Amino acid sequence: MNAPLAAKAFQARSISLASRYGGRTVLAIGAHPDDVELAIGGMLARLSRESARVVIAVVSIPTDFATRHAEAQRAAEILGCELRLLVDDGCKRIDDIKNYQLVGMLDALVRELQPAAVLTHSAHEFHRDHVTVHQACISTQRLKPFDFFHFNPTMCRPVPVEFHPRAYVDVTDTIEIKMAAIEAHLSQFGSRGLEAEMYRDLARLTGRMVGVKYAEGIDVGRMLLA
Amino acid sequence: MNAPLAAKAFQARSISLASRYGGRTVLAIGAHPDDVELAIGGMLARLSRESARVVIAVVSIPTDFATRHAEAQRAAEILGCELRLLVDDGCKRIDDIKNYQLVGMLDALVRELQPAAVLTHSAHEFHRDHVTVHQACISTQRLKPFDFFHFNPTMCRPVPVEFHPRAYVDVTDTIEIKMAAIEAHLSQFGSRGLEAEMYRDLARLTGRMVGVKYAEGIDVGRMLLA
Amino acid sequence: MNAPLAAKAFQARSISLASRYGGRTVLAIGAHPDDVELAIGGMLARLSRESARVVIAVVSIPTDFATRHAEAQRAAEILGCELRLLVDDGCKRIDDIKNYQLVGMLDALVRELQPAAVLTHSAHEFHRDHVTVHQACISTQRLKPFDFFHFNPTMCRPVPVEFHPRAYVDVTDTIEIKMAAIEAHLSQFGSRGLEAEMYRDLARLTGRMVGVKYAEGIDVGRMLLA
Amino acid sequence: MNAPLAAKAFQARSISLASRYGGRTVLAIGAHPDDVELAIGGMLARLSRESARVVIAVVSIPTDFATRHAEAQRAAEILGCELRLLVDDGCKRIDDIKNYQLVGMLDALVRELQPAAVLTHSAHEFHRDHVTVHQACISTQRLKPFDFFHFNPTMCRPVPVEFHPRAYVDVTDTIEIKMAAIEAHLSQFGSRGLEAEMYRDLARLTGRMVGVKYAEGIDVGRMLLA
Amino acid sequence: MNAPLAAKAFQARSISLASRYGGRTVLAIGAHPDDVELAIGGMLARLSRESARVVIAVVSIPTDFATRHAEAQRAAEILGCELRLLVDDGCKRIDDIKNYQLVGMLDALVRELQPAAVLTHSAHEFHRDHVTVHQACISTQRLKPFDFFHFNPTMCRPVPVEFHPRAYVDVTDTIEIKMAAIEAHLSQFGSRGLEAEMYRDLARLTGRMVGVKYAEGIDVGRMLLA
Amino acid sequence: MNAPLAAKAFQARSISLASRYGGRTVLAIGAHPDDVELAIGGMLARLSRESARVVIAVVSIPTDFATRHAEAQRAAEILGCELRLLVDDGCKRIDDIKNYQLVGMLDALVRELQPAAVLTHSAHEFHRDHVTVHQACISTQRLKPFDFFHFNPTMCRPVPVEFHPRAYVDVTDTIEIKMAAIEAHLSQFGSRGLEAEMYRDLARLTGRMVGVKYAEGIDVGRMLLA
């Protein structure tokens, strides 16, 4: 009795992601190529379909510039998103960027795009670069009262990291697009996409939590219900 | 430069509270009369104006039944909400209700109303009854994937309590309605409404955080962005 | 390259669960029938196979006594465990048991069984009875320096609850026994075992975290590395 | 009945800030000019009046050196405090100072001043430089068992940051001095002092929490009740 | 070099506990006899010597009424404190007291004594009764802005419990009085006082943290620096 | 009755540290010389005696290279461990090492040694370098599912730091070896070993928590019970 009810509630509500961000800009910021796709690829594909402008900003590419840039470009196309590479003149490690430089780049992006929502890494990550990007995004909040969300820890090789989502996005209709976007990162996930399957498992389990087939969970940093 | 920008962003977005809950039911649950008004009176008045059905559920009245019932009724009218008193046959302390009885009452309400959102006390409260109601509401989540929010600690005499909101509602247009609803609780806030003014101060300070004149902050337990 | 390495590491180590608890007693305490099976059925089946004495203690049966008692008995047999029902003379709600009575029952059990490890609910649960049992178990720690673990939140209908495991048990060889034990609770999970599948999904995802096919995660309250 | 009581309790006790720090040195450390004034300007003005030696240490000035140095000097005079600028030979970003250099500067200051109390940023800040200064101060604790307090997050443009004070200072008599000291930072708060008013609002709301007109809240890192 | 410095700082400051609470009332609330002595016996002995009125309130005696009452009386005398037994007409378990009854008793005490400080159990305790008393004390804060401190978990048989003090009291001069007060609880700690020695060890280790021979650590719930 | 029981339980179990890590490699990583000895010297001495290969990795020596290297070498010999100095060509501050370089060094070590367990600083430390090493070790978890433990904050001059152990190691038989290893750091702890005694006090208090004479407490990041 409960399951059909839940499903119906979700359908009724599925108008609202479109009504909230449709015709507006959503900015997803990841430390490196593939981070954003792994965490919220399904959500971005939905937003794009529902007429939001979605920009994926990748801070830098640490190694293998040409290949990874091309993969990121291909993945963004699959999701229907624009790609911005913040450090675009060759390989760069985030450790080699000063924090105020990183904040400066992100500030410029926020000033240009005027996003209705910004999504990035959370403070709970096993990779220091991800935490660094999270912290720099925290600062950009002073520019504009956009919705600010944090996504699930991302990794190529699994490590248990504490993360608890508070908001859930139904990605049943876009899970295959997400998986395709992940697999576009051939240099990371190979032809068989073995580790990538972890993200399908996670989406299925997350979906069960809210009564849909696949979902992505995000944490809420700041949200405007106006 | 920033302030006008923020204001504009908010206006553009002010469609979305209506589009999210308009024509649907929102259920606000407080331990005692006045709790809901103090915490989210401005939000409820907005929801009511924007065509949501808003139900205020008060668990019980500990003392002075007739007076406080009448005050609660009057406050609900001011906000444009329906009042439900869960223990409606006389004074009752929440300590004297078994937890499974409380969960049973709340379950029945959720089953009847099929709310799109439930708002209640958070786990961070100085009053045990408020925590008890929070915990009982936690259980009702299993019935339906409604949005689940927690509101600011409420009290007649101020005590510092840790609480950090994640979502913000612009209540600039309804702050006076909220203050009137609080003052309807004459037996608690007297004619001069001295302590009640604390809630106006809080709304002003919260508003500054997101670039509007008055706002209420709520925490997000679970939210469906579908 | 990493995956085979991980697998080998686990095999080498799989001696140690047996060497730690083999020939000794492990006590798993759940509020109601099915809790223990859902959370750590695979681990208990392994311990039983590896010559530990495993006792499942169920505090009480809230409704439908005969049926649920028989189901619990059947599930324990499937896992190779002994069942103890603490309130065994009919239906009882944990809310109707005083905390000191519950501590008294658990103390008696610990004194009798002298367990090398006790596993129970964590403090992070959406069901109050589970938290109550957790808190009562906290007290029993004063009797004996047993290993004290907390297991994953359990529920028939999914609700997102924050929980982060610190210890992982490979249950690849016993996942089917676990699923059979869950399904023995026919009155809860029906013939199709739909919600029960959530626990297989969770075990698969948890397994990925540590490089095995299926795993269960538990939190560590206190552990003796002697 | 409660309000007069509270007020009286406070008066009786208002001897004790003087008796605790009078004739001794209090050191307030901020990342940049204006931080200390925004957070604890009222407390410092009181300490200065009550015969403590109060030193405001500003780590560095990121831009516009001459102007901001002069503003900081003027603000310190208004509060009756001494100003120390740690990097005093031109603009410098804290990101460009090594952590051990920062700890070295703070250690030297603590060794010279032998403060009875040190106040600085908390770990909960949206600005990375503030967190960096907090962490460096943490290290100076090993030199001397001074009282160690953390103050409210400071910012020119409001961002919601989690912070919960545990100690409260009545600043009713010095709130105007504080506001004047903030406004001395003309380059930051302009002639109309709009955002600065946020700090008066915060002091009023904090004051309500402890029964006085205006108060500042600080968190306690370490305190000696001897 | 550091050690003598620290010691001197402490002496200079040791005026201030007296100046803060001397001639005023301090109320220490424990669930059962011996709790207060174990946690803050040294601090209470100092306050009493330094001319504060110190009242030890024990909520109830669960078993062995006459013996434990006499022991509590004797311990209070050793510390120079007054004893109040809240449930004084025979054995009573805190589980059998309604929360509003407990709050009522504590409110009455606070109204009568008008304490400058209240000390009680923290939220971090392995014994439920201790947590219950903590929660009831939280509510009494609304009556008066007294200093509110939480003390170290107390127990006869050791269990590791998370607790982090923020304030430290030098009890070098009163440690033997404290140990004598603990040993007055003969029915709990026997003639050899074996477990009681744990509290001397804890005081020595705590003392090292702040440069004195023996100290007690307490957490700060709310403090007025006025 | 309880004490002998506890002791017996521990003896029965003291087989298992050997059975878990005997014949395998344990890697202990400290920021500077003496950190590992202070925190887990007793545990490492036991592991070494029980036929584990124990490697102590010191990231760098900040000052006085030759002396401190020799002291570290001597301390490792006393504990029966191998010493690896990661930056071995002279003094280096961890602040001057890029995070990816540090992760690179630790990755290489983990790849070479294939440890069954890694022990390092926790996230709760007053010294930034210790936190930096903790964070870099977090990343190495992706290479192999080793047991991952965090040890007690270490310092030469005491500062209170929040830390709560979850696992306990009986070091009654090796406490004197530990103290000797600490004292081998003559340049830090002098001939009288005054501050070093703090660590004996801590071990005694920790031991009381689990019913043995001396114990070391560690926190569990990730553990495989297979």
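Note that the chains are named A, B, C, D, E and F in the order they appear, and that numbering of residues resets to 1 at the start of each chain.
Everything that follows uses one rule, which is that a residue touches a chain if its C-beta (ideal position, glycine included) is under 8 Å from a C-beta of that chain, and two chains touch if they have at least 3 such contacts.
Source: prediction; values computed, not measured.
Graph distance from chain B to chain F, where chains that touch are one step apart, equals 2. Steps from chain B to chain C, minimised over paths through touching chains, total 1. Across the two interfaces under comparison, A-B and A-D, the one joined by more C-beta contacts turns out to be A-B. Rounded to a whole number, the gap between the C-alpha centres of chain B and chain E is 38 angstrom.
In this assembly, the C-alpha centroid of chain D lies 32 Å from the C-alpha centroid of chain E.
Averaged Cα coordinates give chain C a centre that lies 51 Å from the centre of chain D. The residues of chain B that reach two or more other chains are 2, 142-143, 157-160, 168, 210-211, 222, listed in rising order.
If you sketch which chains touch which, the pattern fits none of the simple shapes: not an open path, not a single ring, not a star, and not all-to-all.
Going by the touch rule set out above, the chain pairs that meet are A-B, A-C, A-D, A-F, B-C, B-D, B-E, C-E, C-F, D-E, D-F, E-F. Residues of chain A that touch chain B in their complex: 2, 5-6, 9-10, 12-17, 19-20, 24, 43, 114, 116, 142-146, 166-170, 210-212, 218, 220-226. Chain E meets chain F in the complex at residues 2-3, 157-160, 162, 164-165, 168, 194, 198, 201-202, 204-205, 208-211, 217. Listing the residues of chain D that touch chain F in their complex gives 98-100, 103, 135-136, 138-139, 141-143, 222. Within the complex formed with chain D, the chain F residues making contact are 93, 95-96, 126-128, 155-160.
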